[in-house]
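As structure tokens, the structure follows; a few thoughts come after it.
To keep things simple, chains are lettered A, B, C and D as they appear, and every chain counts its residues starting from 1.
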Amino acid sequence: MVRVAVVGVTGYTGAELVRLIAGHPGLELTAVVGRSEAGKPLAAVYPHLATTRYGALVVQAFDAAALAASADVAFLGLPHGAAAEHAAQLLERGMRVVDLSADFRLRSEEDFRAFYGEHHAPSLQKSAVYGMPELHRNELRDARLVAAPGCYVTATVLGAAPLLALGLADLRAGILADCKSGVSGAGRTPSVGSLFAEAGEGMSPYKVDAHRHRPEIEQELRHVAGAPVRLTFVPHLVPMTRGILATIYADPTDAARDLDTAGLVERIAAHYENEPFVRVLPPGQLPSTTMVRGSNFCLIGAAVDRRAGRLIVASVIDNLVKGASGQAVQALNVVLGLPETAGLGQVPLYP
Amino acid sequence: MVRVAVVGVTGYTGAELVRLIAGHPGLELTAVVGRSEAGKPLAAVYPHLATTRYGALVVQAFDAAALAASADVAFLGLPHGAAAEHAAQLLERGMRVVDLSADFRLRSEEDFRAFYGEHHAPSLQKSAVYGMPELHRNELRDARLVAAPGCYVTATVLGAAPLLALGLADLRAGILADCKSGVSGAGRTPSVGSLFAEAGEGMSPYKVDAHRHRPEIEQELRHVAGAPVRLTFVPHLVPMTRGILATIYADPTDAARDLDTAGLVERIAAHYENEPFVRVLPPGQLPSTTMVRGSNFCLIGAAVDRRAGRLIVASVIDNLVKGASGQAVQALNVVLGLPETAGLGQVPLYP
Amino acid sequence: MVRVAVVGVTGYTGAELVRLIAGHPGLELTAVVGRSEAGKPLAAVYPHLATTRYGALVVQAFDAAALAASADVAFLGLPHGAAAEHAAQLLERGMRVVDLSADFRLRSEEDFRAFYGEHHAPSLQKSAVYGMPELHRNELRDARLVAAPGCYVTATVLGAAPLLALGLADLRAGILADCKSGVSGAGRTPSVGSLFAEAGEGMSPYKVDAHRHRPEIEQELRHVAGAPVRLTFVPHLVPMTRGILATIYADPTDAARDLDTAGLVERIAAHYENEPFVRVLPPGQLPSTTMVRGSNFCLIGAAVDRRAGRLIVASVIDNLVKGASGQAVQALNVVLGLPETAGLGQVPLYP
Amino acid sequence: MVRVAVVGVTGYTGAELVRLIAGHPGLELTAVVGRSEAGKPLAAVYPHLATTRYGALVVQAFDAAALAASADVAFLGLPHGAAAEHAAQLLERGMRVVDLSADFRLRSEEDFRAFYGEHHAPSLQKSAVYGMPELHRNELRDARLVAAPGCYVTATVLGAAPLLALGLADLRAGILADCKSGVSGAGRTPSVGSLFAEAGEGMSPYKVDAHRHRPEIEQELRHVAGAPVRLTFVPHLVPMTRGILATIYADPTDAARDLDTAGLVERIAAHYENEPFVRVLPPGQLPSTTMVRGSNFCLIGAAVDRRAGRLIVASVIDNLVKGASGQAVQALNVVLGLPETAGLGQVPLYP
């Protein structure tokens, strides 16, 4: 059993990590860290975790030496900035780190600075591996520092990747991603915009031009396309707790001009044939976020708008699982050489 | 007082018409028709209407002669097909008709046939006036037959119209409308997809290539642009009862290439300066459907994505008010020469 | 026109007061006060109010003298404690005050101290009139200081009052009120418990033995019964924005032992016959909070459980209207000698 | 591996059974039956099940002989009436049956007739074992026909049982259960009341005096108390998909008069000490339905209202798991002599 710690356990991604580790055959949770609730048992912070064997585990304050003594791997569910500082201390002491913040996701220092400010551990930034196994599986094996991807990024990149990899999307028209997220994506820190009375029963776009996931999506699309991709990315807040839906639009290349819906779906399905967590729906079906709730799956549907000449791909994930904690576990499985699906067999909770 | 009847009162648009007529200074509701609940007082069908002066009005079966004797104008909240048949009978007897179905919205017989099948009153189809005062105010004056617009159409066309009318949007790239609707848009007839347990806590696209509002949007965009407009329109179902959000994307023309967000907002605001029911938010603000709930307003926000070179407009309405019953009343106000805002002063219900 | 000010306009009850005043024929809003947003126009704080004639009104910091110069009446939507202090200053300057906090609701200093701590204006506490017209209409006429009732109190007392007033409920068994509230009742100040991701899709009881509305309910039930009433009151949080449902249980007195549902409903309906804002549903129908949303109505249904020998009354209100701002306006109408329903004709927004 | 079939797989309890069986180490799903979707693979009916190894299993029409050949045990998720008929045929052919309908839950033929009409297999009615292991564990071992309990019954009986078993509740005052259910309890058959636009954002009581779970609750409370128990049971519909909350009120017996909250909680916790699926929260905490979502746990909190002299217990379950399919699997585990928790290790999905 590999001993793991969860740092920042009081946030949603932290709690979700505990849920997943509790059912993982190769991981043992040995420490949980959370500043605001230190001293309490996990079950007092999250009563639903009282049903796991970790309910009595006491939340600790952060202590790098103590963590290194009790665990081999640390998951970090911390705000950006803080994550880099903590990661540096833990790596130094020989631990592996899977960081769920944005600190190590961007290859470009310039992009990081533009969207987040000065980096707290620039020397580590380039050594991190981007934790999306579907795009970086080989780099992940035996990695010391994994940057788990953002939720919007995961849904968008998994949806758009086949269009770019297969040369179906015209790069001049680019990729337009109209994305919709559940409210848990905003985390557990109280804010007016995340209140039930504000976010419920309504919908709106936000941060139309400045969302921090934008450079990350651009980076990964460029990785797939082998060239810069013109991207418009508009996030929206939806009155649901979990789930991200990315509706992706592209103009077909000459090579794709004659594809109909069945042909497009077939190409995408073939592209993902061997991926354990990506499923492609048959032609005529489109995915709902409810179809993946609580699971690590990404579900994709596609259609061709023949009248207007556009390719449309819809991609859904659970933002807290495949968009955060589940993908972090999946990446760690690859790092450790465990079966990639270990501990991730949760069937979606529907309805 | 103009005497009005509501035919098809048991659906949501019918109930909403009663709510609006109850507060209208120039309309008197004299008859309500609804096949499935005939014989019951309105308050038994819709307990919330017990609080109006019309709670005791008894729902009748349809009888054209009786209606013509008791009312001057009929609102029709019927399924398409049925609407055309009923409208013909009422127009013959000298009534004015405001039809909320799709039967008279399309100018092109061919489009109608492609999306709805054979028309039941083709001779009337061309005489109807499209009931969106912002685009057809002059034609509406004294009209006998008004085709109240579809909900998706209203949000999309009001959002896209300034881009086309002012020559800001490149017609070759066209208009891409990613639309999101509350579940009441599916009506009150039970279906699996509209169940709370199915539509709640999740989101999905649907009818990606075949939604019936598509030819109607194309028709009205062409009306504004003076030329055919390439349109991609993808509707989505959102877990909220009321509201439509249209997120609209366009590539700038050369003339618009240098616009920033402030400039774009200013142009749109000037375009709608004299419209009583369209409000444009200041730069940096984007609309939520909650900001118009229960009211006849359309709220618009806009931004320029400079990095990718795209114009973005977000437009919200309450699908049952500005998207249906409220716009029908607004159109009737124009028809009758009443103040256009009469009876439509409801302040949005927020939160 | 009576000039009114809203102090504490940035909270939900403040915004709701503006909505109601905007449609009130006898009130003119001349000042809005709100510490956290001073200097901004109302429309910037609440975009939905941009549709009213008050959108450009600028939020001010509190200044008693300036308020007294510009308005005759002040509504206070402030936290308890602060309300008493502000009320004292405004009353001194000759204004009438309608306070929506708890500061002046309790007649008993001891109860106040037990649930809220030391009172900030004890001399005023006894002079205030409890602003529920159905119970205190005569005392309200020309009152200087009105204590608008709590939301749970309104739903519970209006539901239980007929049972007590008509001698139907056994006082030894008392009144058991299982109450359910929408999340807007917790206000607009962010807290973990009010987050969409926490309060959504779930339900729980809270403050089972210590909710601050308890002594207020006891006070008003005692007022109706003419004797102390044994009360159990358990509040629950429900995933809806607006609405309170009080399900009320009592054991029948000997006089009520033979009542069936029809008889019970008839007695309650007769009790409220002349009340403009209380409606009683026919036997066999039970109220939903959706039937009163956005309106000042209280809707009541009742049934007799013959098998177990219990009377059951269900009472619903919109917590922000009849449970707060609407009832405050209703009380002010009585104070000022205006028609009690002035400005309160909103038809419930359904669905 | 025990081979099991799910009859009535297209309903929510059927789909939930497949989810649970997919993760069960001792059960193998060999057949799924569903009239309305016969011929389709499971994944076409429920896309979320495409992620399990049973996605390609084809839905069949009912054929008792074929089922008996392919499976040892049948779960029945059918409407009452139909269930009895199907059960009889399968039992005859030597299968074990776990029936999730109401057909075999009531011991009293008279009660069955009063609430459901004539019984379709009266000879079997008395031989069935009521499938709540916490109350009937010994009777369940090796049973041929199990009647899985109703959802309201499970939450109410598990909450009230300790009060009755320990002699804490006064039988004359009886048990008052104010119950709240999510909308999935109404099943997947479309009806107006279950529509998102109707059930969303509101709350109401229903079937105050005639809900079919009433005689079942009375039967099981009598079983625990050893005497008839006066019961008032009022169900409410809550805008959430999953979950039942039973808030239970009782008057203390003399023996319980001096209990405070800590004492009451301690007694209940001791009562359930060895139950694998019942958890009792510490004093001061009350359960939310979100704390058990997707899991087979029942979570209980309790408090004493000293001022009024009442005991209050709050009990939550997931209506589709512990209230239906999960409890059915738990009961089958007992029947088969498997570990009672086999396949039921799902951690609650929170948030």
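As a convention for this text, a contact is a pair of C-beta atoms (placed from the backbone, for glycine too) under 8 Å apart; a residue touches a chain by one contact, two chains touch by 3 or more.
Remember, it's a predicted structure, so these values are computed and weren't measured experimentally.
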### Query
For chain C, which other chain has the most distant CA centre?
A
### Task
Weigh C-D against A-D on C-beta contact pairs and write down the one with more.
C-D
### Query
Between chain A and chain C, what is the separation of their C-alpha centroids in Å?
45
### Message
Just the number, please: Cα centre separation of chain C and chain D in whole Å.
### Response
38
### Query
Centre to centre, by mean C-alpha position, how many angstrom separate chain A and chain D?
36
## Note on the structure
Where chain A touches two or more other chains at once, the residues are 12, 184, 197-198, 200-201, 239-242, 287-288, 290-291, 293, 351
### Task
Would you tell me which residues of chain D are touching chain A in their complex?
12, 15, 19, 22-23, 44, 46-52, 184, 200-201, 241-242, 279, 281-282, 285, 287-288, 290-295, 297, 299, 345-351
### Query
For chain A, which residues are in contact with chain C within the complex?
12, 182-184, 188, 190-192, 194-201, 239-241
### Query
What does chain D use to touch chain C in their complex?
173-174, 176, 178, 180, 197-198, 200-206, 208-209, 230-232, 234, 236, 238-243, 245, 247, 249, 261, 286-291, 293, 301, 303-310, 312, 314, 316, 351
